[in-house]
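The structure under discussion is supplied below as structure tokens; questions concerning it will follow.
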């Protein structure tokens, strides 16, 4: 196994120590184990706070989205493992400023159960909590079981838009309602070419044959919906976009934001080759692109692959999307 | 035997911790087939943290505090599905056992009813979904049925029911957790979570048996 | 070969088309072949323009540093191949606004010859050009042959600081002098764990044995200075930092900026594990870190590996480092 | 023969282009050993673009324009080391041949002197560094030596000198370009760039020979 690491059991602790020492102006730890991180300036007054969390190994997900114009705090689990309710509660307490807290996280049972538990504990402490669960992976369940879909890279849009809306003064109920609406308009599908290696396991978590790809594979290697021989970038782009557009059904889709997300080992050049085709296809269908994001937004350690997310936008969403944000990994300036 | 006090329960949790440790590999193997293969490790470590905390903590005046401690240690140290579910069950139970310093037969029924409820409302699984509930719920029913008998009898019957329930999960199709993604193929394999439930009752049984013997 | 691509010979053209369509507000093409890219708002008045360029396959290098607070334009070659002098000249003409142009690029003979040629052609057209050549790779030549060292990730600091200084109104001569001084204070060393695959070759460009690493390997797979079995992250960090600090010789090093650069396939988690150790070592030696950059800044397609760069700072450098910039890949906001 | 005009040179470049194409694999093999194996491809394609442009372009009134065209096409279409060096040489030559519509013996010396200079000042290699210069410079010296003879003799002698120079690179250690990184191990292998120089003179020789025959 070729990893830059020391003892596998310290993998995440040391990552967190590195992150905290690299970004002291952006991040603050509120637990000795560093498993609850918040904005350096938390709690931010007069704003609903946004908390996320989940297993590690997906940087910039989840804690990497802590920052101005993004989320207020994140609890951190071990690699691919949910964090505990107590860690979530500690995060919650450190960011809330009386306006309530919105939990936004991906639909994985460990996360759901722990966040639910944290929410109950927070309510007992007099903190109002609402929850929106990211479910953007259209390959994880058929449309009829939409509520059971997993959350993947598209959660970026939930963070970004909820945060912008919160900064504009939305109250907790409005924020939840708005974020749920966004949630319904985000759709993602991924394709994997090679597996990732868990630090404490030391060998690939699964195998994908040489010259093969797996469409719909999840960010922990959950089985996909189509295995087959590797297609060209253009074929893959067409194939994935077709599936996403189909999933919108009768929804009007006229203007979208596109997110091409690398899973870890995919060169940026290749992400842009795929973006190129996506933009051509959408143009062909008369769908405008208001904003493109191309890069690493939700990874699976060193997995090779990518995902395409579309966000179906309206005017409000487009204007919120333009607002700046600043995190340790991505920034969007108003320069 | 008609009641169990805090010290009894400390010993019972110690028995359970030993059992989880002895069955670590067995549990991991079961979870390796239907899940991610970690349940033995998390249960052994989760229960050993619980045991340690119960032995060290001073202020365990009542069963409210006792199960609050079990619940928060378990969820904090083992935030996997099983750890979180057990944690939720223990915390639910702690609320209705506030103030009690010993548990009689009907309290025992209440305890496991609450644990069962806590797990059910956290995990939203139904009977037949091939989960811990398929061993736990029949055991709770057995406790209820025997609530006029001795605690020895109650526990023995509960243990037997849990074991039967555990074996019945073999034929079930998984509908919750990682096992669910195997759909039809999940059949023919024993559910690791149900096995944990059976081991918990086994811990009670061993302790009670030793006591009866004295 | 597992790549998201179409015909290998279109790899770079399609990357460029994707980039241009994803970032229309940031980038503009000034040639039909898209091999000369400039800031969307070029030429910027009243400022020395900064031009870079080089072979492709290293995103964000080189064109990825076009943007406000960064470089004005970049010429783009094929994968790992210099661009032509004409492409450089076209870039130069599109960005210059009468204040002259500073070329900043890495020390590779193809680039040197072509930029020299472009500079001569530009002078003939009445455009004043000065040149600073990045030579930060301390593993590429011993200190005695410093002038022959290759340029790698540390060029990021040259761009950033030269751009900030240019925006403050430095004239061409001042800018060259300042940038040369920075150049002397940037040192980089890399380590590779696995090779990259050139799109038109289709198999790994070289091999590194399982459980081995190569210290000092260049970003095109140029042979390194030490092959050996894979060390822990901490050992690697110590080893590399020691070599860099030694290279500063008698220079006073009290406050540095650190750049941990992933070569393509290295998970962000691991870069932070290495950063952690670097920060501990520097702390131990009484050296302060003014600013940390951790991420992909100069890649080699899907090579696994990383490089560590140090920039020895003074007060002026530190204040320039803080100024915002915005490129398609990295942004630094004043949020 | 005492002079060569623009049409002669168009034909000569056409011969060179054919030679580069015929020797594509041979050149690539040489470069594969000491470099990145592309010199045959870039030279074949570079010279074929030059040939095409020379045939299509209208305004090639003098040798200034002629070599300016050669130089800019070569550098644009083949921005490798060899393409850039040749491009620089051609452009350097174009400057001192401005206005000339035919080249006599001393112009021919001047032409190659300038090309040699252009390559030298671009690449900063010395004689003995195992580069194109080790074939080109001796050829230029031969031209100078024979500048009072016929053009046929000049070219023949230059060709022979280039070939000898090319063969002498075998024993040299590379000090420039990719070959340099092999240090001692670069010895024993013929330099691909020097081979390109020899092929260029071969192109001249073939054309001149055909002409002499008529």
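Note that the chains are named A, B, C and D in the order they appear, and that numbering of residues resets to 1 at the start of each chain.
Following the convention adopted for this analysis, contacts are C-beta pairs under 8 Å (C-beta built on N, C-alpha and C of every residue); 3 or more make two chains touch, one makes a residue touch a chain.
Keep in mind that this is a model prediction, so the values were computed, not measured.
With steps allowed only between chains in touch, the distance from chain A over to chain D comes to 2. Of all chains, B has its CA centroid at the greatest distance from the CA centroid of chain D.
Distance between chain centres (mean CA atoms), chain B to chain D: 86 Å. With centres set at the average Cα position, the gap from chain A to chain B is 34 Å. Taking each chain's centre as the mean of its C-alpha atoms, chain A lies 29 Å from chain C.
With centres defined as mean CA coordinates, chain C is found 58 Å away from chain B. Of all residues in chain D, none touches 2 or more other chains.
Taken as a graph of touching chains, this assembly is arranged as a line, each chain contacting the next along an open chain of partners.
By the document's touch criterion, interfaces exist between A-B, A-C, C-D. Residue ranges on chain A touching chain C, taken from their complex, read 2-6, 11-12, 14-19, 21-23, 56-57, 59-60, 64, 67-69, 193-194, 210-211, 213, 230, 232-234, 236, 264-276, 279, 292, 294-296, 299, 301-302, 304, 306, 324-326, 329-335.
On the chain C side of its complex with chain D, the touching residues are 77, 81-87, 109-110, 113-114, 116-117, 222-223. Considering their complex, residues 72, 75-77, 79-81, 84-85, 87-88, 91, 122-123, 176-177, 181 of chain D touch chain C.
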